[in-house]
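Once you've had a glance at the structure underneath, I'll fire off some questions.
Labels run A, B, C and D following the written order; every chain starts at residue 1.
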Amino acid sequence: MAEIRERYGLRIITEAIDNESLALVAEWADVIQIGARNMQNFSLLKKAGKLRKPVLLKRGLSATLEEFLMSAEYIMSEGNYQVILCERGVRTFADHTRNTLDLSIVPAVQRLSHLPILVDPSHGTGKRDSVLPMARAAVATGCDGILVEVHNHPEKALSDGPQSIYPDQFARMMDELGQIAPVVGPSGRAGAIRGAIKCWVPHPSAGFLAEEWERSA
Amino acid sequence: MAEIRERYGLRIITEAIDNESLALVAEWADVIQIGARNMQNFSLLKKAGKLRKPVLLKRGLSATLEEFLMSAEYIMSEGNYQVILCERGVRTFADHTRNTLDLSIVPAVQRLSHLPILVDPSHGTGKRDSVLPMARAAVATGCDGILVEVHNHPEKALSDGPQSIYPDQFARMMDELGQIAPVVGPSGRAGAIRGAIKCWVPHPSAGFLAEEWERSA
Amino acid sequence: MAEIRERYGLRIITEAIDNESLALVAEWADVIQIGARNMQNFSLLKKAGKLRKPVLLKRGLSATLEEFLMSAEYIMSEGNYQVILCERGVRTFADHTRNTLDLSIVPAVQRLSHLPILVDPSHGTGKRDSVLPMARAAVATGCDGILVEVHNHPEKALSDGPQSIYPDQFARMMDELGQIAPVVGPSGRAGAIRGAIKCWVPHPSAGFLAEEWERSA
Amino acid sequence: MAEIRERYGLRIITEAIDNESLALVAEWADVIQIGARNMQNFSLLKKAGKLRKPVLLKRGLSATLEEFLMSAEYIMSEGNYQVILCERGVRTFADHTRNTLDLSIVPAVQRLSHLPILVDPSHGTGKRDSVLPMARAAVATGCDGILVEVHNHPEKALSDGPQSIYPDQFARMMDELGQIAPVVGPSGRAGAIRGAIKCWVPHPSAGFLAEEWERSA
């Protein structure tokens, strides 16, 4: 992964699933991801709070806004203020998508917190055909970025194939998002996260590539 | 209401809550609304199917996609094919909005049905501050229109004040939507509903005004 | 149906789905049922409130306790105080039963209201094998009765076959319930509804039979 | 805690929240609890699977039956077959209880698995007044035991006071459960867990007391 980072100039996000893997991830990744199923793993949150690397915290499948922000507080209370929130769908009765992507949490987070909030339409829908429309919708809410799974052979993907988009869909998506983002404007929020990791792409062979789009400042 | 329609050239949507009110609504309104709480009032659906006026069918608070489309079938099975679907939020555990606006139903409906689908971010969030971001998101999904509540004195509104936006917010919204809509494009769907009622505005004094925005065709 | 009532001494509950069917049901049935999908059909509720026959009001699929009691108020506000509430399962993410039977509403209703509350474990689970355990559980909460679907040939039932129990299961159930009911005691509630309709059984051939069990007073 | 165990002959359950605390808990407790928020902490599940002490696995707030059983498999796949499942309420829209106690999972688990299943009506309702009715209902489903919080001064409890019952309520509960349990019978399941820990009681001063009731075999 270090090799890929250097060769392509990419930054890497990867997930820590317990205190042991946290040390490894903290050493190699640029951003530490804490997954939805660990959003209330308070032991892991506190350990991540002792590090000085950005933490991407995904919303739990049935977490309220308050619980989501409290989990971020667990990290920050240990001194690490670089927390990035991420909406990735919640569990409801609805069965036309794998989860229900709750985009309304974006403006709600922005009213209560200074933390950046990303949206993951890949996990949030679980269906390739819904990723583009929901990516556009996410950017239109004024979120600070999106995470999208891309794969050049989704049918061969080890995981999450059905929700991965093709590279040409990715290109079209980036073009559309680039047109929608300026409409939303800076929405009064600090431009501090400009250039933060905006799009998360599992690399076909061996890692993660990050491409960026910038929000009009 | 007939007077308002003539004076301002507006079209009127209003709700039928039972078979009795249906006759009255059918006589005066341009579009008959069937509310979320009546989405599975099969008696009302069938009666509406015997009319020859457009029916706006709102998704029930806990309706699956299949149930939503089946309710539309109840209307169409009686011969009335002018059915407009409307997502207005579903009931989940989330408490930062009054309902959880499920925008992912837009692409899901578009895969399975030719029916137009609108989004109501006012009922869908119940909070004025969330209406604009979610209205933009709705249009970005590629939906066929939105319903928005506007009031010049929301604090004096008889109902739904807290979710009604101010006229100047409405103006800003229309400007933003006008920029996002062309990005989405015609999305392969018939332009037949161009010019259909796109925005629903409770009039400050005595009725409903409808303003329109057109989708790039 | 009138014939069956006379021959077997049974009382009949049947559903009114609109204002038209309400008149017919009110004429022939002993109890008027308003189904879950009509729990917020306020027009129907008010019409039922003008009658002087007991109304069995089923909880909507996503109704809160407050909304459930408010719907009962719609009936009572017109002068008909003979309202019987019925929990029949709510819609959640859980997929091991058709609905999630929310038995905790029984003590919650009993704290806030004098109205009798029944439980329907047939619709509440949708699975024959779960009906007996949940019927026992319902009675153990202290509810005022249960509705159970029984059929001697469930596989030939026009509707709800998979959730109908066999007559021998019904006999075993009644025996078990008869042992659990005395443990719960009168729970401080008036014995007024003793002898009310306690069990609802679609008749194999042509109607509904009601069998009763009495709560220890 | 070791002292209390010896003096009163009680067994102790306590929670492991991460791999570090697991070692400590495994040394001192008789049963290791894995809480709802850690149900999908796969790292912790695997570590618990390497121990040879019983593990009490609580259902996650939005876990399906399949996910619940899969989490038990994570433990068993490492060789520890002493897994006890526990329903403690799931998250839904309903707001009359803190969680919605899903008792229907008891017969569903019993159809698919040989694992014992307990019910926690204290966390499952969050309200003292609902604990007794739901404890009776739990036993009536045929579950293998219950966990109940008891405190002699709930108003002074460090946590979970509002859902803790008083000692005299506990005595009455045990009496009622003792009458309901024989009605349910052995339900065809092995009597192997007879005498297992059936009731979990936070001790007023310093630990946990376990009282038992036996199911008729």
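Odds and ends about this structure:
The working rule: a residue touches a chain if its C-beta (ideal position, glycine included) is under 8 Å from a C-beta of that chain, and two chains touch if they have at least 3 such contacts.
Just so it is clear, the structure is predicted and the values come from calculations on it, not from any experiment.
By the residue-number overlap criterion, the interface of subunit A with subunit D counts as same, with over half of its numbers used by both chains. Ranked by distance of CA centroids from subunit C, the top chain is A.
The centroid of the Cα atoms in subunit A and the matching centroid in subunit B are 31 Å apart.
For the pair subunit B and subunit D, the distance between C-alpha centroids works out to 47 Å.
Inter-chain centre distance (subunit A to subunit D, centres taken as mean C-alpha positions): 35 Å.
Residues of subunit C found to touch two or more other chains are 62, 90-93.
Chain contacts here are complete: no pair of chains fails to touch. Note for the complex: subunit C touches subunit A at residues 91-93. Across the complex, subunit B is touched by residues 17-21, 37-38, 40-44, 61-62, 90-91 of subunit C.
By the touch rule above, subunit C contacts subunit D in their complex via residues 62, 64-65, 90, 92-97, 100-108, 111, 124-125, 129-130, 133-134, 136-142, 176, 179-180, 183-184.
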